[in-house]
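First chain written, first letter: the chains are A, B, C and D, and each begins at residue 1.
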Amino acid sequence: MDLKNQKKYFEFAKIFIDKVPFNKILGLELKKFSTERCEVGFAMKPELIGNYYQNILHGGVIAATLDAVSGSMAAIGLLEKSTDPNDEEFASRIKNLGTIDMRIDYLQPGRGEYFCASARLLRVGKKIAVTRSELHNENGEIIALGTATFLVG
Amino acid sequence: MDLKNQKKYFEFAKIFIDKVPFNKILGLELKKFSTERCEVGFAMKPELIGNYYQNILHGGVIAATLDAVSGSMAAIGLLEKSTDPNDEEFASRIKNLGTIDMRIDYLQPGRGEYFCASARLLRVGKKIAVTRSELHNENGEIIALGTATFLVG
Amino acid sequence: MDLKNQKKYFEFAKIFIDKVPFNKILGLELKKFSTERCEVGFAMKPELIGNYYQNILHGGVIAATLDAVSGSMAAIGLLEKSTDPNDEEFASRIKNLGTIDMRIDYLQPGRGEYFCASARLLRVGKKIAVTRSELHNENGEIIALGTATFLVG
Amino acid sequence: MDLKNQKKYFEFAKIFIDKVPFNKILGLELKKFSTERCEVGFAMKPELIGNYYQNILHGGVIAATLDAVSGSMAAIGLLEKSTDPNDEEFASRIKNLGTIDMRIDYLQPGRGEYFCASARLLRVGKKIAVTRSELHNENGEIIALGTATFLVG
């Protein structure tokens, strides 16, 4: 990624993370991104709790975060494959980008002060992109895994 | 369900829907519940949007809603199987109730004014409960499907 | 389905069940089919066993059977939507038909003498079809559930 | 793993791969195993074909192979955690080992002469083990991914 691309990607990541209303509720912040990996972070806060006895994240917060970071990764994958990101074909592919399905594995209770969700692109074809994602807390403990399929054609 | 059970179940559904902080963010309201089916509803509002061009629900809102209704259904299933809901074994099973994994299939964009999520219990054993869930809009159009596995032992 | 369609569908089901080498290993027989539901059956035999202490089906046999019946259902869905099943567009869609992903929930050990796998089409769009499937034994006990996504565009 | 453990693990892998009737149909051979990773291989043969136009593996063969290698990995994980593999508690956990659910992502058509399936253990707790698995062909091209949850308690 040269500097020009860096800026282009950053704008994209902005669209896919910062501008989405529900991502603001979650408090998602873009941390890192490259053509292989995208990472967002968010702080624990009372309204994200799912189990008030145990003070742990709601499963839906975890799912939403993994969905957001995975979708951003799929968008970056499309951008990377596009010969001309200003052309109509690319615009149409981004517009049609949508989650087909997602699986989340909840490995441990979502305990922590700050969480980090990252996604990798396993494959991006003409029609389908596949990502794997993970959620960790500030101690590096793994909390959940995601696998998602996106329509990109 | 006799009247006494009806009240007992209602208290449970309260715990699993109303008291959870993140469910308030989503605006989830308990609509119906029985030993076979649990249903929650919520209204569209700007902060639940995932794609502001298309004015549709965030995939994570859908996932969170299906997770919430499915978990409540699993809890009701445990309650139904319990011989004495005041004993320690039951309390321990409810305390340990947790989502192992979930799959969401996004069938159509989440367009609508009011959404309804319902879950059915497919199996509740000594250790594992399995649910299937669906999200519809106010026109009865199906938006998403869920399948989830819960640890109940 | 009129008689002419009945024959057309039967040929299709033949292709998707009978002619596939691995389906012969499994012993799959087409039992019923309509535009909404497809059903195959197979008999227990020693080589399908996964756990020889318990004499139960291999999880992979269950997955393979649910994959086969779901793929056939998706093909029938394409056929049903096609205005002209002899045209090139239809041929191309069938040729590109492929499983994107599948989830299997193993509800109970695969005990029995004869098993029945059925699939329903939940949605067939321009690019994606989604099915749900079930496996029962001869006593009607449910053994496994499947959810699968197919590329049909 | 010292030499004694090496032998113990080998016997286990034998049980989980070689002695299972359906694994013989697939032609699975144990290639490598450690406490972190288990690997099996199998050669293409006509009866494993799912699409005879394209000469590719049946999706069910892929699912069955990923299920087999993942289950073996979960068993090795149990063995590793066991303080005394001859005691009753361990025997009971192994006896109850069963797949709860599995997701398979089909990334590319199953073309090749020889295939390799490997699994890693992501987590093994008191009740649940979670694995991720992959299928490659002899050129190292990735064909499919699996995520599976096992009951181990």
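What to note about this one:
Everything below uses one rule, namely that a contact is a pair of C-beta atoms (placed from the backbone, for glycine too) under 8 Å apart; a residue touches a chain by one contact, two chains touch by 3 or more.
Predicted model only: the values in this text are computed from it and were never measured.
Where chain B touches chain C, over half of the residue numbers in use are shared by the two copies, so each contributes mostly the same positions.
Distance from the centre of chain D peaks at B, each centre being the average of the chain's Cα atoms. Matching the C-alpha atoms of chain C with those of chain D calls for a turn of 180 degrees, to the nearest 5. Note on B-D: its contact pairs, compared by residue number with those of C-D, A-C or A-B, agree for more than half at A-C.
The interface with the greater count of contacting C-beta pairs, when A-D is set against A-C, is A-D. Taking the mean of the C-alpha atoms as each chain's centre, chain C and chain D sit 24 Å apart. Chain A and chain D have CA centres that are 29 Å apart. Between the CA-based centres of chain A and chain C the separation comes to 33 Å, rounded to the whole angstrom.
Multi-chain contact residues of chain C (touching two or more other chains): 100-101, 103, 105, 147, 149. Chain B makes touch with chain A in their complex at residues 19-26, 46-53, 58-61, 63-65, 67-68, 71, 95, 98-106, 109. Residues 100-101, 103, 127-128, 149, 151, 153 of chain A are the ones touching chain C in the complex. Note for the complex: chain C touches chain B at residues 103, 105, 107-108, 122-123, 130, 132, 142, 145, 147, 149.
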